[in-house]
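Listed below are the structures to be examined.
In what follows, chain A forms one complex with chain B and a second complex with chain C.
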Partner chain A sequence: MKKVLLIGAGLIVAAGVTGVLAQKKWTITTVVKITGINWFNRMEEGVKEYAKTSGNNAVQTGPAQADPAQQLQLITDLVAKKPDAIAVVPMDPATLEPIFKTAMARGIKVITHEADNQKNTLYDIEAFDNVAFGANLNKRLEKCMGGEGKWTVFVGSLGSKTHNQWADGGIANAAKNSKMMLVDAKQETSDDADKAYEKAKEILTKYPDIKGFQGSASTDVAGIGRAVEEAGLNDKVCVFGTSLPSIAGKYIETGAVDGIGFWDPKDAGIVMNKVAQMVLEKKAIKDGMNLGIKGYEKVSVTKGPGMGKIIRGSAFVDVDKSNYKNFPF
Partner chain B sequence: MSALTQTRVAAPVTFWKAFVRRPEFITLSLIVIFCVVVGIISPSFLSIKTVTDTLRASLTTGIFALGVLLVLAAGGIDVSFTAIAIFSLYATTRLTLAVYPDAPYLLMVVVGLGMGLLMGLLNGYLVYRFKVPSLIVTIGTQYLFSGFLKAFIGSRHIMDIPKGLDLAGTTALIQATTSGGARVSVSIQVLVLILAIVVTWFILNRTLMGRAVYAVGGSIPIAERLGFNVSTVILFVFGYAGLLAGLGGMLHGALNRQANPSDLVGSELNVIAAVVLGGARITGGTGTVLGTMLGVILIELLTNNLILMGVPSTWQKVVIGAIILLASAAFARRGKT
Partner chain C sequence: MRSLLSDHHLRFLIASLVVILVAAAILSSGQFLDPYNFQSMAVQVPEVGLLAIAIAITMISGNGGIDLSVVSIANLSAIVAGLIVRSSLGGAGQGTLYAIAFVVIALLVGTACGLVNGFLVSKGNFPPILATLGTQFVFVGLSVALSGGPSVSLGETEVFSQIGNGVILGIPIPFVVFILAVLGFSWVLTHSRFGFRLYLLGTNAKAANFTGINNNTIMLFTYTLSGVLASIAGIIIASRASSVKWDYGSSYLLIAILIAVMGGINPSGGWGKMLGVVLASFALQMLSSTLNFLGTSNFLKDFTWGLLLLLSIVLTGTRLSGFVKPKPVRDS
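Take a look at the complex of A and B:
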């Protein structure tokens, strides 16, 4: 009986040892733009969840200030410690090119997020295609408007690439429906809610029958929402746009803003680490692959500007009054 | 210059002639022409709503412009007031939320004014102590203030502002519903602007400091010979501009019902343009409160009615730039005759 127990224990130990050998514990460090803000706190939740489920040593760090030089310093120190992989959300991609090159020369795998112009990276992860995201926002607006009426779209500035891509995606979607009438498109709001408010009031004066607004800067819907609310038009005018629950929540609650869209940094955090792990395990990421996270079930993989590739999901999060409280950032 | 104009008014010429000689006349004429043009293009412009909307838009710009007026009149320039304003608003909001969330608005304003004053005094000190052009100093401090704010005080957007601040922004002085069913209201904050106008007018026209400001702006050596203490004047105008910037910041927060550390900075040229369109010379020594207010109204009418006029967004900046140039040409012509 004793012997049997001993053998049994031996088997368990052996199984444990082979288990550990089969999966080496990787050290993956995620570096964000700035620590302490809601957005990256949410990303850290994802990194922690990944560490728990994968058993790898995954941690998140970042500079205390939104400063490209500080982020560079932090990554330089990190590269000296030689982790297996780094997953970076660059503040300024150009500043980080040399250190990423050095890191890769030393065998550290480099993954980036929100940097589709980064040359020295193996994989850059983008939550979605910007044009598709804009179209998705507009589809929700169109539905809210009952598929007809005058609508307009705001941008933070005419020079902002992403804002214009979102707006163009929306405009292209609405163009398919001849009853959707675009008026005075792409007014600039300088990413200032008060400017968005003034522009929205002007649009309301010019077109008393306006039925929809699409915002681009995260502050746009807050300004538009206030103008709509003050005019007592919460039920008559539909407002959708890119924003965050922490900014738009107040107006989503009153119904002045009908819905917002964004991507969940928690999921992006998990995906960055998963991709890093796959690279370390020498698994290629192919077009159409399922990364096992909502919104990244069928990713597109295209060639990036450098040697690396860009992985795009379709991870838009659609938020309205029913679910905005689930996203505390 | 202002003193000269006043003696002319007193001279035995007709009221009309005297009025035409004043720089404010050009600004007022431009406002009238603009309103007629927009009114023809878009009849919906001619409503009480335009008046209340323009007034609202003029509140913060107006407060900032009064501070800029003093600095310009004394021969300096300040481009840091937007950074001072947002710093005062954001830091006061964070402080209030952390220490005393139910603080009355008036207390918050006092704190914001204090911060603005300190930053303004720093500007003034740097300008006279190191004899650096005020443009360079205030470009530097603009970066300094807004950088310090985002690095050490916070970069997060605050939507849940203290109750006192929210209430100050939503309380209406006059509220009405027009026959068309649109709601119009005039914020209680208009009283703050009126107070700032009265105080600034009093300083410039009824105090020795006001005379000193114009004298320093006209010629520093002459001002010194007249016995004015130039460093005190410089400290005063920048301090006052900082004070008004702090006030404008609090007003912006109340009206906008949020505190966003990246607001305002970048809009300073609009305010400076308003003051210059009101007849103040960028080289100093001139400028009146009435002209400045008219300049503010002109700029706000301009920036808030281009959609109504049907100007596409890509062309709006072109139109604003062209009208500012046109107006300054009118001032230049007047200077020659």
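Take a look at the complex of A and C:
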């Protein structure tokens, strides 16, 4: 009897050892703000691609309603289920602080995206430096305008941190060129295409010689594009801004909008999972590191507001009439 | 126990709970039965469970009773309490005083909101669905105006965060609060004069009036209680999320109504037990956690919840319809 027990124990130990020696498959769950919208469907493509290439068990989930409470409940269940890591795009970072703390106490690695004010995270991933992104948009605008003329910039709201950073980046870039004349800066559009349309019409009436618009909310360029098109100024006025092909595509096609910028959620999905894997493999992510994804070849790593760090890529995607159809979201 | 099983709704709910639990245990190969998972579900139930009780008592009061403003009251009371406490006690104490002040202010705001609803419904004689729909928007508007839109972080609060995140003897504190509220309301509904009058009012307002009951007072009291319950939910939410926001739980209203109805509360008034509401909230939570465990789409969650409600209506419907309208008397 003893012998049998010993052999049994031996087998169990052996099984355990080989289990550890074989490359461990990690379970990484990505939680997005809401399921079923184009942006996060695109992100899921990235998560699936990561799962396929890495062999890890990576899946994406998210609440059916855009409600921070639903996201919190979902993550609470996940923490009970105990995956190796969670990669979250928080609906509202403040709401998730306590559950992230609990998750980490339970040994789950926490990675976030679009939450540079999150305290309880190991790494927060930002696609780019917002000021640099705004400056890049403005450089394209400047080129389109031939380097001179009146221009203005819209923001969704003056309270939106990212919108203001983008606008400020643009303004700083234009300030280097004395021929670029900024007029009526930072008009608020409430993230509403109709408001942007009204504001653009006002500006076109007030400054008939205006040559450039820079938008911040994803709906801004759509509103501006409509106003420009109605005024028959497609070729005379340059319009650039943050937006998506699904929103601005129509106006890019007619030339009312000359170009847009954004970041590809698919790449962000892959990077979040890669970073999670590196954390699980106890590899540190260092400043200047190459994460192997376009736009994240030389990331900057800085200290975050809490215990974690912020990883910033330069993953902005420049899109115009020639390539907007490659991005179906 | 015999009375438990003789009630259609309770029987249906207990059966659903058993089926879900067994299915979850098998499908997750036992992982679902981890005690931590039960703790985690117990943390999640109270928020929407308390809102469901609030809606249940307004439904019992009859006259088309419902309180659509519960979620907005929860958020408004938490936002007012959060803003006041943070500015007056924020730096000095994250301790007991902070927690007590938050709770007291939130309960006061909840009472005030409930009183407004109560006056509109009783003295104002407005249909509850319209009155509370109106106040819902007013309360949401106030919340946005006061907080400015983004969430107001409460920071690291030692004592206050225990309300939402602490554990007593392995049981999460929010769950203890929920169970205490349930026991309290069960007692009030079955043993107090108020409870008796509430059911009478819900069954037949005219008859209740003729027996000398002041219907307006009962209504006022009911909607005020609903406001208080909502603010307790608000306190738990604020503590659990360590922040307050005007649109937190915007999806909770319909779920709370669903729980109340599935729990056997008659939407036409006069009938319903607290135990039914509790079991229904457990069933929905367990279903939702099971689906999250299995990693299915969250749209499936809404679908299964709806299915469960339909099943409950179909399987227990005979009794309900009997209460809504009297059965025709057959001549023989």
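The rule is short, and it goes like this: the second predicted complex is superposed on the first by the 307 of 329 C-alpha atoms of A that agree within 3 Å, B and C clash if a C-alpha of one lies under 4 Å from a C-alpha of the other, contacts with A are read in each partner's own complex, and residues count from 1 in each chain.
Following the convention adopted for this analysis, contacts are C-beta pairs under 8 Å (C-beta built on N, C-alpha and C of every residue); 3 or more make two chains touch, one makes a residue touch a chain.
It should be emphasised that the depicted structure is a prediction, and the values quoted were computed from it without experimental measurement.
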When chain B and chain C are modelled together on chain A, clash or fit: clash
Touching partner for A:Ser190 - first (chain B), second (chain C), both, neither: first
Partner chain in contact with A:Ile247 - chain B first, chain C second, else both or neither: first
Partner chain(s) touched by A:Gln65 [first = chain B, second = chain C, both, neither]: both
Which superposed partner A:Asp92 touches (first chain B, second chain C, both, neither): second
Of chain C and chain B, partner touching more chain A residues: B
Touched partner set for A:Glu202, first chain B, second chain C, both or neither: first
Chain B versus chain C as contact partner of A:Thr162, first or second or both or neither: neither
Which superposed partner A:Asn38 touches (first chain B, second chain C, both, neither): first
Which superposed partner A:Arg226 touches (first chain B, second chain C, both, neither): first
Clash with chain B (superposed arrangement) - responsible stretch of chain C out of 116-124, 188-196, 242-250 or 260-268: 116-124
Common ground on chain A, meaning residues reached by chain C in one complex and by chain B in the other: 64-65, 67
Of all residues in chain A, those that touch chain C in their complex: 29, 35-36, 59, 61-65, 67-70, 72-74, 76-81, 92, 94-98, 102, 159
In the complex with chain A, residue positions of chain B that touch it: 42, 44, 47, 49-50, 53, 57, 150-151, 155-157, 159-160, 180, 182-183, 185, 252, 255-258, 260, 262-264, 266-267, 304-305, 307-308, 310, 312-314, 316
In the complex, chain A residues that touch chain B: 34, 37-38, 64-67, 158, 184-188, 190-194, 197-199, 201-203, 205-206, 208, 218-219, 222, 226, 230-232, 246-247, 249-250
Of all residues in chain C, those that touch chain A in their complex: 31, 34, 36-37, 39-41, 43-44, 47, 148-153, 161, 164-165, 237, 240-243, 245, 247-252, 288-289, 292-293, 295, 297-299, 301-302
